[in-house]
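In order of appearance the chains are A, B, C and D, and numbering begins at 1 in each one.
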Amino acid sequence: MKKINIGIIGLGRIGQIHFSNLKYCIPNANLVMVADPQKAGEFNGVPIGTAEEVINHEKIEAVVICSPTDTHSVYIEKCALAGKDIFCEKPHDLSLERVVCTLESVKKAEVKLMLGFNRRFDGNFKKIQQLVAQNKIGDPTILKITSRDPGPPPLEYLKSSGGMFMDMSIHDFDMARFIMGKEVEKVYASAGVFSSNDVKEAGDIDTAIITLTFIDGSMAVIDNCRKAVYGYDQRLEVFGNKGMAQIDNNKHDTHLFFDQSGSHGALPLDFFMDRYVDSYKNEMERFVEALCKDEPVPVNGQDGLEAMMIALAANLSVAEGRPVMLSEIMKMNRVKQEEMVNRSIEK
Amino acid sequence: MKKINIGIIGLGRIGQIHFSNLKYCIPNANLVMVADPQKAGEFNGVPIGTAEEVINHEKIEAVVICSPTDTHSVYIEKCALAGKDIFCEKPHDLSLERVVCTLESVKKAEVKLMLGFNRRFDGNFKKIQQLVAQNKIGDPTILKITSRDPGPPPLEYLKSSGGMFMDMSIHDFDMARFIMGKEVEKVYASAGVFSSNDVKEAGDIDTAIITLTFIDGSMAVIDNCRKAVYGYDQRLEVFGNKGMAQIDNNKHDTHLFFDQSGSHGALPLDFFMDRYVDSYKNEMERFVEALCKDEPVPVNGQDGLEAMMIALAANLSVAEGRPVMLSEIMKMNRVKQEEMVNRSIEK
Amino acid sequence: MKKINIGIIGLGRIGQIHFSNLKYCIPNANLVMVADPQKAGEFNGVPIGTAEEVINHEKIEAVVICSPTDTHSVYIEKCALAGKDIFCEKPHDLSLERVVCTLESVKKAEVKLMLGFNRRFDGNFKKIQQLVAQNKIGDPTILKITSRDPGPPPLEYLKSSGGMFMDMSIHDFDMARFIMGKEVEKVYASAGVFSSNDVKEAGDIDTAIITLTFIDGSMAVIDNCRKAVYGYDQRLEVFGNKGMAQIDNNKHDTHLFFDQSGSHGALPLDFFMDRYVDSYKNEMERFVEALCKDEPVPVNGQDGLEAMMIALAANLSVAEGRPVMLSEIMKMNRVKQEEMVNRSIEK
Amino acid sequence: MKKINIGIIGLGRIGQIHFSNLKYCIPNANLVMVADPQKAGEFNGVPIGTAEEVINHEKIEAVVICSPTDTHSVYIEKCALAGKDIFCEKPHDLSLERVVCTLESVKKAEVKLMLGFNRRFDGNFKKIQQLVAQNKIGDPTILKITSRDPGPPPLEYLKSSGGMFMDMSIHDFDMARFIMGKEVEKVYASAGVFSSNDVKEAGDIDTAIITLTFIDGSMAVIDNCRKAVYGYDQRLEVFGNKGMAQIDNNKHDTHLFFDQSGSHGALPLDFFMDRYVDSYKNEMERFVEALCKDEPVPVNGQDGLEAMMIALAANLSVAEGRPVMLSEIMKMNRVKQEEMVNRSIEK
């Protein structure tokens, strides 16, 4: 079996998840070096270097980027220049222009770039996508996504997060494209601040309903909230002319308790660290597999770009109280026509 | 459309249910006269007479017997003599010998006798029976019935009820035969008094697990309790070599409420008056339909006899702490050999 | 017990439901006369007259209007003139101007007018409304309603229905106001024709996602379709800062069947005739009770007007591809300022 | 943090599960040496020796025994002699006499012995046990366990398995004691061969209903089958005077798909390797924790002995068609009176 030599940049919460999966669970991955400014020496038996050392390490074939968002584009470009394949956590960057530039570098360097939309690799969501792909639903005309966090991140994080749409809803925008298998044309978002003073202070929103219209007129609606007191709420439903499919949350356990006051059951799992634990493993497996077989990665840079444009359209929609066409976002950001015009064909 | 002229004896709780269904919901039933010692004149537009007047009324073709259990056999015999078809509430009688005698009179008079095992006509149980009949389950080898009342009846009722097995479990014994479509051979019951002082005072039991072995070795297990604080618990599961099917309780509503402490839902419906409302209507429809078309009734006297023998075997099993063969019950009660030996064929 | 003397105009599908409930299930209602151009003589023991005869019948105190929509306003006005209390099926009228005029007549005549938004009286929806009213949810910020019919009505009906929003979604618009207890300020609707050629021929839409923004910024989203192949889909979820509550469909039965291919259960009930059977009874009970006690009716003319304005706003939103303020609808229809400005206070 | 030096004997299916958990997931465990006659050199970085070498290794403080059942007693005795703490997979031994002897050696050596009843460490079952321990259920009077395997083991295995009760139901017998927190007094088992020719050839049974009566008269019923075509079916329900609690299976995913034929969902997880993956990890964590803190192990030798006696009683009950007292099993096997008489107190 071929082994891929891999380096990681960033050993925060998400970096350590990828570390464990690559080291203990994916036999054809070989961790060569990791980088984290907070750490030195070695981490669980893997030597620690600088980001530059990781990127330029002779043996390393692929780099997993888990550093803060504002470093992503720089590291992606450097990896591309060094001819390394890349896995990058979402979001790619908060600037659409920078994303477009970076993607050009990646294209020119002919390296692979996979974006970390891990939910695509969760068993529940994958099942729905399969039902759609198998035409069990017929033509999907209504997609509904409920995506609510158990609580908002700290104020500091909020301030540099790029806003709820870019930071949190972006997963749902990607999911909408993944399930429907079509591109979004128009975005209407209605939003407010209802549950968090920190969010208000950060000038962000914490609650929203976003309607997406796809190029064939079919629709998706996403409802988001930064704070659901009952836990991490991640559900989806897709409806078509042949049927409907939905997924419920994964719960702490399956118990039901009945007493005089009613029946009582468990809550959804707490947050993405326990809810999506398998998806992170599957995601990294698929990345390594794509490298081994020299196949296209399952989530590429264009996927990241599309989700980001939807987020920007949602921001504009809230600001101006009107539906926004994705073509407006492209023009405003001077996204090159030739890059975008055929975007649904390229995929 | 042919109409059947019907009389009712007894306008207690269950008698009034049958009254409403016959009068307002079953177009080919015509209520001619009703009898109840507590009532006089007319009841919702139907003249009230004595039981004798109902039984011997020239126009009346069928009598619905809802009077106290100890009068059932007498009225059945009188109806048979008068040539009237009969619907009788369960249990037929607390004496097996009397039941056997009565059934002979019914047979001789060539009238129809239907026993009130209403649960056979409930949508949930019917669905399971259909799945078994359609061979979706394969050969059913394990049947599980949970049947728990919300609370015990009053002490006075308990004293003359014939005991929990005869009064309450008898529905489950009939259900076991209905679902499995086979006769029971052996009964083992384990029981105790855990939830009610009245039950203790009445010398009865309130909690039991009863294992039935059918003539082909397949099995059923029934768990009963006179008191479930969370409501009327009526569930069933059947398992075979091709699959498994189960039914859950009907609930007050379908709501689920999630807060920080968990998820919370509705309880099962309160008791048979609301849980089995449709089954009573369906049951009476099927009775009237059988009369109209001159077809066999869907639950006959032999069905009542079989369920009763299981109840007696369960009583003996608890008393002697051992499994009891149904053949023992037949012998002890001098049930005539020719009546019983071919019981599963006769059906 | 006081009895209310009642007449019915129109004995179509819905008229006969009200007839049965009033005649057999509501003891303090007394059906005096009914009118239906297709029928003569008597109907189940109640004499049949003309609409005029019902409205002007000396004994009749209240009239239940179940005739075609285009006759509603005329009959309401005549009833008001005759001093009769009124129950009218939804929608009140397809013309907002006519509704406003009619409401003035009703007000002047000081009679009661109840609109037939029966879902408010369904156990599931009522439970959710109670949870909100009891502050279990906290401040409700997101309401989600799924409302899908099993199939579109016939082409002839579609042509005169007033469109999907006015004919079908209007129930959901009323439900949104009922659950949230606030008025709607803005409507954005996205819609298409995906499932029915008849709908296309009638120039209508059959699939929509409608976002409502309430006066305090909280939001509701409704998804509608005229054709769900799996049955009548009627669900709702409300989310707030203290919790979330949802209701599921009522199913044909509670069975679950497991075989090698998966688990299999029952579908939702077929359509409103079986799904909402209890709500119609409860609704009429509440109407009669309000008359007996001389209390306000639980759903009044203003409720009908509000739901209708939302439907008109949704129509305009689809036509112009933009969110529409309810205030625009009022102005366009010259709804008198003094009637509308305090609408949420009046209630 | 203190680290426990551990050896493993046997690297079959279950041995490898313990290996992975001890090596990768339990920080205070240190794997020193493993033994497996099929393997040589090292296993994932841990040197391989003989069983004797593992037991007598100077550094090793505790041995995890995962070798075939007929070697368990021998290895336990050797470990005890060597002063090593022991974790042993179930069943301890097929001979009750040998178990009793071994337990004496363990007692004399004053080492810890933990039995591998892993289900006690599963989140679902643990939740139920907690609800009982917190007195949410009140006095538990009825316990129901459904435990069905997806398919029987191979004929060779069946022949030396000790029979279904000893091999498979023993987990349920332990679970019954764990949940109820009381000792079993009487066992009645009804059984047959319905689903497997291999089982018939091995002279075993494949389907059973077992009623346990506890010392206070409360009851448990277990239904077992070696072959459930829809997967691994592991459910439990406990009922008491204050309420009822149940757990459902863990499923492959949470999807529900609705089409014209019904609703369709996922099946239970396939078998213990995926269903109980977390329980194995938790179990080993608890074992290591008990050693670190020098606390009693959570499942001890007496627990294994009790479950085994229930299995033997069930065997005798089927053979003789009667309920069997556990005291009979003790006498027949000459279990020493002083060991057994206070068994529920000792725990």
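Operating definition for what follows: a residue touches a chain if its C-beta (ideal position, glycine included) is under 8 Å from a C-beta of that chain, and two chains touch if they have at least 3 such contacts.
In this text, all values refer to a predicted model and were calculated from it rather than measured experimentally.
Chemist: Please flag the chain sitting at the greatest distance from subunit A, going by CA centroids.
Modeler: It is B.
Chemist: Comparing the two chain pairs, does B-D have more C-beta contacts than B-C, or is it the other way round?
Modeler: Result of the comparison of B-C and B-D: B-D.
Chemist: How would you label the subunit A and subunit B contact, same or different, if same means the shared numbers make up over half of all numbers there?
Modeler: Result for this pair: same.
Chemist: Distance-wise, how many Å sit between the C-alpha centres of subunit B and subunit D, to the nearest whole number?
Modeler: 42
Chemist: Roughly how far is subunit A from subunit B, centre to centre by C-alpha average, rounded to an integer in Å?
Modeler: 59
Chemist: What parts of subunit A, by residue number, touch at least two of the other chains?
Modeler: Counting only residues that touch two or more other chains, subunit A contributes 229-230, 242-244, 258-260, 266.
Chemist: In their complex, what parts of subunit C are in touch with subunit D?
Modeler: Touch residues, subunit C against subunit D: 229-231, 258-260, 262-267.
Chemist: Using the touch definition up top, name the residues of subunit A that touch subunit C in the complex.
Modeler: 139, 141-142, 144, 146, 148, 188, 190, 192, 194-195, 207, 209, 211, 213, 217-219, 221, 223, 225, 227-230, 233, 239, 241-244, 321-323
Chemist: Using the touch rule from the top, collect the residues of subunit A that touch subunit D in their complex.
Modeler: On the subunit A side, the touching residues are 24, 123-124, 127-128, 131, 136, 242-250, 252-260, 266.
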